[in-house]
Amino acid sequence: MAELKGFFLPRSPEGKASIVPEPPWHYSGDVLTIEYRTDPANVAALLPAGVEPAEEDPGAVAIVWADWQSCSDTFEELVDPVRSQYKECFVVVRCRHDGETYSRCVYIWVDKDFALARGWFQGYPKKLGSIWITRPVAVGRAGPRLEAGGVIGATLQANDRRLAEATVALTGPSETAGFVNALPMLHSRWMPAIEKGAADSLSELVTMGSRDVDVGPAYTGTPQLRLFPSPAEELAALEPLEMIAGYWRQVGATFDGGTRLA
Amino acid sequence: MAELKGFFLPRSPEGKASIVPEPPWHYSGDVLTIEYRTDPANVAALLPAGVEPAEEDPGAVAIVWADWQSCSDTFEELVDPVRSQYKECFVVVRCRHDGETYSRCVYIWVDKDFALARGWFQGYPKKLGSIWITRPVAVGRAGPRLEAGGVIGATLQANDRRLAEATVALTGPSETAGFVNALPMLHSRWMPAIEKGAADSLSELVTMGSRDVDVGPAYTGTPQLRLFPSPAEELAALEPLEMIAGYWRQVGATFDGGTRLA
Amino acid sequence: MAELKGFFLPRSPEGKASIVPEPPWHYSGDVLTIEYRTDPANVAALLPAGVEPAEEDPGAVAIVWADWQSCSDTFEELVDPVRSQYKECFVVVRCRHDGETYSRCVYIWVDKDFALARGWFQGYPKKLGSIWITRPVAVGRAGPRLEAGGVIGATLQANDRRLAEATVALTGPSETAGFVNALPMLHSRWMPAIEKGAADSLSELVTMGSRDVDVGPAYTGTPQLRLFPSPAEELAALEPLEMIAGYWRQVGATFDGGTRLA
Amino acid sequence: MAELKGFFLPRSPEGKASIVPEPPWHYSGDVLTIEYRTDPANVAALLPAGVEPAEEDPGAVAIVWADWQSCSDTFEELVDPVRSQYKECFVVVRCRHDGETYSRCVYIWVDKDFALARGWFQGYPKKLGSIWITRPVAVGRAGPRLEAGGVIGATLQANDRRLAEATVALTGPSETAGFVNALPMLHSRWMPAIEKGAADSLSELVTMGSRDVDVGPAYTGTPQLRLFPSPAEELAALEPLEMIAGYWRQVGATFDGGTRLA
């Protein structure tokens, strides 16, 4: 009997039906990052047992909007862009495990199923949402230029409720694009047991990073952020007490697996 | 330190952010089933190691369209129907494991993230799609009546390609609503390892059924089915060689966990 | 040279490409109506020149959610339900013109383009939105029964903002299903001139009704309604000061043209 | 009594509810154009009475995919990008009226309601669809560079059927970006009468162009195009007999009204 093929699910005779092909996965996109401080207790409340807040600036949060094009190593998805383009909005905090400081994604929304599947594999707790990000332009009047005075907006909706809206009013070039989402990721991969009341069938702590990172010039600006409540979300609990900065940058990277820590 | 709460992901301080609340999950909906025979080799090619084709009628396939309303045991989603209604199209075959005959879902598309998450938990290999099913009506002229002569249509699209379209021309009431999707489910729960080339981190064979099943009158009819190719699907390989029958029925049921077999 | 065919647009050699085929259009669906009173000045402010508020109860408003199946006189759309099913949420007030009292739709959102086109033709000022309505069920636990105690919810979103949410807690059967949306419609059909600053190229006052109206049993209940602001809407200005009642009923009808009044 | 405000519909007390604000409308976007020849009879069959085929190359067709950001003269939509970004796919032919040669859009699909409304106002016969276009990238591996060897893909879906898919394999820079969509537009604005069988209530021939056109460097390449049938479309009748070329260019422009010709 032939074996089922396919990286993820469904597995099938030829392996073409899998919701996502096997890594490596390549990404090129525009990334808008807003960093701010919330009450450190709000961050601590989002960390699983065995993971502690970062020692410095433990209330720092990054909320990131990204407009990606991505593909597998066959690159075939690039000419069928319904299978390569997606947008996402995600929230990152820093944390500490076994003596190391990591970035950790605590909430994330995407608008395509292949992106959701990749996230679950990587420990990004993805849900679906509607994500929009102003695009800088080089021609015409319908968009900001990447220079002082340009304003970039971004919004997030899920379950027919707006959850977040933000703007970054650019002030000029930047050496960096933020520090909260800049460390190796520390993620949990969980799958509840099929049997009621039993312990999780999968409960791993993993770390991962990117290779072949290729970034364009970074820009910084003054951020504004509003978070809105929803009965199916806890994003609004991460209330901004102090804004740090906003950043915009083009990012290219390749993901090719991670490491199980526990 | 408080513990993270939430059935699935993301886990959060209050447990409200989880993409799906804990079971039991209640379902009420309209179910259109088309049964047909393909080459038994096509079914066999979809079974994992250790699972054999059914002994009788091993080429039988059911393709099912369902228009569901569903909720958790709080029932709160019912008044926020963006969180309770979804449609799905799925393909079921029968198989044999350890001396028992089961139903097994080999492909499935849904149109909401909470449904996708529940599926992954249960071993339904869900992807996103656009699913439409004609609704029988009791008033007016814009729909079939549940009686001989009524015709019910159904379609499936994913990644901007139509994958399937079907009709069932009702001929009258029915004692049953098909045999292919009528057994306990035998599903695989897979999660690839985060480390490249390593064995799956989760690879379980589970079984599950429903409780409190509450069905309305069943109707049968003459089915037609067309499957279309896509570079990201293998559905069209399950070519119909002989149509068996079509059925329409309202179904209510509760899911409350399953059993790990291996 | 052959003539272009097609009821609306685009017009094409065979007439198949038109966004909507010619009337008659048949409708069958579920209709949830909530009636309330706002400040009569809010209603008056929505009427065009030459149209006055109703003499009795001039602050009465109906907000209606409907889940439709519809088709042309070929009925072919019924088996391709992506082309026949749509949902809508709309707001109706009463008004007076030339000695007659009419219903008038002042705001409306739908989720399909064919429905939007039919609306523009009829003078319904349709925009796109995301509309959800709880479905009463006859089996299972995932939905209300059409009886005292059943609760039906409904929501509206446009441009990624929730605009309205409502519930009706059923109390029992009803003789009627409301009075605000029960009169012949008085609608404006407007098309601005292509030349800047010129008067409208089309500015008609039309009236229309339905034929072959076929209704199921009506139910009434206690309504709740919340309206939310948006920078692209004025719905929230129609603030409820006093709730009247809620109703649910299945409705079938045929539209086959109207009459130009002015 | 105060007057209703708003450029289009709905008209409302403050004019904020209109599906689209008044012109001027500014556009900045990426435009992929594929030009080819079909049987000139296919083009002629799409022209209304009083409009003739172009004298030279009367079978030339342009199919254009565009990924736009757009806004009104307040520019406020730019920071709420769900109201400013949209994609479209449209088909342009050339034609002759009153001694002048024009471009004319015969079919067009967009993915936002504000874009659809603007189109109906301008005589673009817009319907809704799902449109995707590969984005050239400057960082990373997930996209083509704007240079020889880069391949740009584009697809169109409506009513859950793929209607068109195309690629352009870039060969290098270009002086031009095509000739079919390069003339002033000649469009029809039609609104059928509300009264059955009566002549159109609006039937205008209009022309329009853009001002403040601001283009980036153009690139050309080798095109491929496939058109697929649908029961609700006639696009596939515009069968490519000979491919001319493909082009990619960034375009900025402002629309501020047109001229009625008849």
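Just so it is clear, A, B, C and D label the chains in written order, and each chain counts residues from 1 on its own.
Please note the rule applied: contacts are C-beta pairs under 8 Å (C-beta built on N, C-alpha and C of every residue); 3 or more make two chains touch, one makes a residue touch a chain.
Please read these numbers as outputs of a predicted model, since none were measured by experiment.
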| item | value |
| --- | --- |
| Contacts common to subunit C and subunit D (chain labels) | A, B |
| Furthest chain, CA centroid comparison against subunit B | D |
| Whole-Å separation of chain centres (CA-atom averages), subunit B against subunit D | 40 |
| Between subunit C and subunit B, distance of the C-alpha-averaged centres to the nearest whole Å | 34 |
| Subunit C residues counted as touching two or more neighbouring chains | 80, 82, 130, 132, 155, 157, 160 |
| For the subunit C and subunit B complex, residues of the former touching the latter | 26-29, 68-71, 75, 78-82, 84-85, 130, 132-135, 137-144, 151-155, 157, 165, 167, 212, 214-216, 250-254 |
| Residue ranges of subunit A in contact with subunit B within the complex | 1-4, 7-14, 16-17, 19, 23, 44-49, 76, 80, 82-83, 106-108, 112-113, 116, 120-123, 125, 127-128, 159-160, 188-196, 201-202, 204, 206, 208, 231-235, 237, 256-260 |
| Residues of subunit D that touch subunit B when the two form their complex | 130, 132, 155, 157, 160-162 |
